[in-house]
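Some structures are shown below for you to check.
Both complexes below contain chain A, partnered by chain B and then by chain C.
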Partner chain A sequence: MAFINLQNLTYKYPLTKTPALQNINLQIDKGEFISVIGANGAGKSTLCYALAGFVPHFFKGEISGEIEVDGIASSKSTLDEWVVNVGLAFQNPFNQISGAKYTVFEEIAFGLENIGVPREQMKSRVEEAMKLTGISNLADRSPYSLSGGQQQRVALTSILVMQPKLLVLDEPTSQMDPIGTREVFEVIHNLTQSGMTVVMVEHKVEWIAHFANRVIALKDGSIFMEGKPSDVLTSDLLIENGFGVSRYTSVAREAKKQGLWKKEKLPVTLFEAAEGFKE
Partner chain B sequence: MKIEINSLHFTYPTGLEAIKGISLTINSGEQVAIVGQNGAGKTTLVRHFNGLLKPTSGSVTIGDWDTTKYSVAKLASRIGYVFQNPDEQLFSRDVLTEIEFGPKNLGYSKEKIDELVKQALVWTELTDKTETNPYDLSPTWRKMVALASIIAMDTPIVIFDEPTTGQDFVNVSRIANVIAELKKQGKTVITITHDIDFCAENFERVIALSNGKVLLDGKAHEVLGQEEILAQTYVDPPQLTRLGKVLNLKETVINQEEFLNVIVRSER
Partner chain C sequence: MHERLSFHIKRDSAIHRLNPLTKLTLVLTLILLAFLTPWYWTPHILAVIFIPILSVIGKVAKEYFTTALKLILPAATFLFIMQAVFQPIGEEIIFHFYFLDVTQESLMFAFRNAMRIIVMVSAFTLFLLTTHPSELMSDLTRRGLPGQFAYVMISTLQILPQMQAKAQTIISAQRSRGLDTESTFLKRAGSIFPLVGPLVFGSLAEVEERAIAIEARGFTSKQVKTSFHEIPDSSNDKILRWSLLFLILVSIVLNLWHS
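This part shows the complex of A and B:
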């Protein structure tokens, strides 16, 4: 059976009329790197919350269908049991930082403290996680004195240090510089190679195409399209429905209209675009 | 209205030296993008423009005003600043009150306020959301409220701190439109951004900061083609610039139109 299994999941926030998620069916295998795309308001964050147990445990509201991770149903679990297996990095790092800690090091140790990890082990895990995300130099700074992108790395690190089986990331690189973004994608990719399962919401199509195994395109709370990045991210249907594509795809699409792109398939990465235009 | 920065240095009370000697001039009506790695000093720099931060040494003048001699409230009549995180900026109970707050404080006439607010609502497509509490809106729309409430102040200079962060394709185009409208009105627009493709498509001048100093400053074309220097501040050239390089195009291209033009010419 799939590692993650969503069956007919429909969910409505309290006091709202339309469901934020509608009839979602999704199976994800262990070690997959899934990227979720879609317009603002399509249900991407809500899907993250559902995987992380916040929906419905924290947000309440009406839910039907099933969410299972590693054979355990979210409905039969409590949030504090759930968070040991599933980690979520919030869209806005400002909302995630505890406010209870003076330094980045302590902030990252916060989760481990709460699940009672022994002190020595905690220290080495924090150090290791900070090294992985390249923030060892920020250890003694206050989490609030950091730039947006640095804060985002801290938020990510404080989840990674928990070593969750499923890592859920809601636009983890939105405030990061371009090369920093690529580094984070590489780190995440390496983690999936060692068996971690990752679901990541992102708008940065170029890097999704490079690293993700599968793309889920959400629209109005439902799965609109799903498949390999090279298929989904070049689809006309996707472009016509207001999804963003890479500049390589859009320029080749335009070039094709003018007879300057000869291949049937549109490119999504630099390499594919270069290959096609060389012809 | 001209911005002049002379040998600016700034050290935070923690001892962190964020700006290490910057001198530049931004002329009236320029569209400038500021790029650079996280922690390069981008936000620290622009917070000097509206007086939120005062130089440790050196000076910043906005028109004929030295920022050390004017309060943030006073400087707000010349500089509008849209925060990176809208939640640090919004406080009213409905969208209309929020957007009216700035122009009201600047003492404009009722007619002028109504006109400015209406225009800001149209540009940001918030016209049907005036009665909503900003915190009942999604983060995307909160960002647009933050934008609208600054645009409505009708300042000659507008600063956007990472306007496209977390925005979808449609909303990024919406923000690009707002910038284009401000340009038409002759306003100076200064934008901090990590979205290099957005930068290439909407700005004439690009300043790359690194480690508290100016690394590159010039026309978008000149700056965005310097792959190796940009890498020092963790910035990649735009996607189509990189593609142009791989294809050995003779000139630097930064957007779709330029790219296609060069390809068409080489086909002939």
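This part shows the complex of A and C:
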């Protein structure tokens, strides 16, 4: 049985007429790196909240279907138990800073304090997590004095330190520079190698193509397309339905129309594009 | 705009090393002594001699005296004048100003009350200067203060400067769209809503995200919370706390005895 199992999941926020998620069926294996794409309002964040237990435990609203992680149904669990296994980091880093701590180090330890990790383990866990995301040098800074990208790393580290089995990330690199984005993708890739499962909403399709095992394209609350990044991200259907694709895909697509692209498959990354044009 | 709303000054002194609860007990004792002792000169001695000595021991004398001169003294002086003038007690009139009489008794009374206020405010100032807010809260949480309460206290201290910065951004944004914030009173009053509206509604929207963020980090976990910082609570601290409580008791008894 799959590590994560979504069965006919339909969810409607309170006071809204149309469901934010419609009939979602999704199975994810342990250690997979799943990337979710879609336009604004397609249900990406709601899917994240559903996996992380905030739908329906925090937002209420009407839900039908099943959410299961590691054999436990979300409906039979409580939010405070759920967050120990499923970590969530989202886009706006500023609002993810607890405000209860004066240094980055304490900020990252906040989650561990809450779930009652003994002091002796706390220091090594925080240091390890900071090393992983490359923010050890920020340990003594005030979290509020950091740049957006640095704050996003702190937010990510604050979740990583809790060692969740499933990591849900909603645009975690939106305020990072290209180098920072690459580093975060590499960190997450390495984590999946050691068995962590990751679901990540992200628009930077080249990086998705490089690292993700599977892409899920959402449209109007339903799964529109699902599959290997190289298949999904180059699909004509995707482009025709207003999904953003990589600039290399667009260029090669245009080139194909004029007979300049000889390969059957369109590229997503710069490397693939260069290889293709060489032929 | 990265200042913190905290007076704490990081230094190593005997007072800094005390447990936060001990310091809090000390503050309470000083205040109660100033208000309860039957002896007229107690608050004066505390305010003029004892607390300044404590500030020297705590290595924050400079900061303490700056605060005292800028903030505490003017407030206490104002209180002294008001009470001296408006307190209708005593017979022996020292001087007379239109319908206001200042008597020796009212002067004595006002002087003592001003000193009491000085004790109260300066004891707290000393406490804030030598205690890190998060240390205080971790210690109180460990002793059973609800985590939510501690969180509200601490995060307010941190978030206020952030709100201030945001208000500044909103003001600039609205002014760049032509909002009048500098002309006549009426126009400025009219421009309050476009300034306060976004700030308040924006903050309300943020509250939800922040709630999700801390919830995701196990804030409502039923586990017993641990604390990264070990807050010292030596046997000296305990002895000091009990002696202070005893002192409070004595002053209450003496107070009842004399009245």
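We adopt the following convention: the second predicted complex is superposed on the first by the 279 of 279 C-alpha atoms of A that agree within 3 Å, B and C clash if a C-alpha of one lies under 4 Å from a C-alpha of the other, contacts with A are read in each partner's own complex, and residues count from 1 in each chain.
The working rule: contacts are C-beta pairs under 8 Å (C-beta built on N, C-alpha and C of every residue); 3 or more make two chains touch, one makes a residue touch a chain.
Treat the numbers as computed from the prediction; the structure is a model and nothing was measured.
By the document's definition of touching, of the two partners only chain C reaches A:G116; chain B does not. Once the two complexes are overlaid on the shared chain, A:S145 sits against chain B and chain C alike.
By the document's definition of touching, of the two partners only chain C reaches A:A100; chain B does not. In the overlay built on the shared chain, the residue A:V84 is in contact with chain C alone; chain B does not reach it. When the two structures are aligned on the shared chain, A:L270 is found in touch with chain B, with no touch to chain C. Legend: residue contacts after superposition of the two complexes on their common chain; A:N92 is shown touching both chain B and chain C. In the superposition on chain A, contact of A:S124 is made with neither chain B nor chain C. Using the contact criterion defined above for the overlaid structures, shared-chain residue A:N190 touches neither chain B nor chain C, since it reaches no partner. In the superposed model, A:T16 makes contact with neither chain B nor chain C.
On chain A, the surface touched by chain B in one complex and the surface touched by chain C in the other have residues 92, 94, 142, 145 in common. Looking at the complex, you find that chain A touches chain C at residues 49, 52, 54, 58, 79-80, 83-84, 87-90, 92, 94-102, 105-106, 109-119, 122-123, 126, 142, 144-145, 155, 158-159, 162. In the complex of the two chains, the chain B residues touching chain A come out as 12, 14, 16, 36-40, 43, 84-85, 87, 138-140, 162, 165-172, 194, 196-197, 231, 233-236, 238-240, 242-243, 246-247, 256, 259-260, 263-264, 267. Those residues of chain C lying in contact with chain A across their complex are 2, 4, 132, 134, 137, 147, 150-151, 154-155, 158-159, 161-162, 206, 209-230. Contacts from chain A toward chain B in the complex involve residues 38-41, 91-92, 94, 142, 145-150, 153, 171, 174-182, 203, 206, 242-244, 246-248, 250-251, 254-255, 258, 260, 270, 273-274, 277-278.
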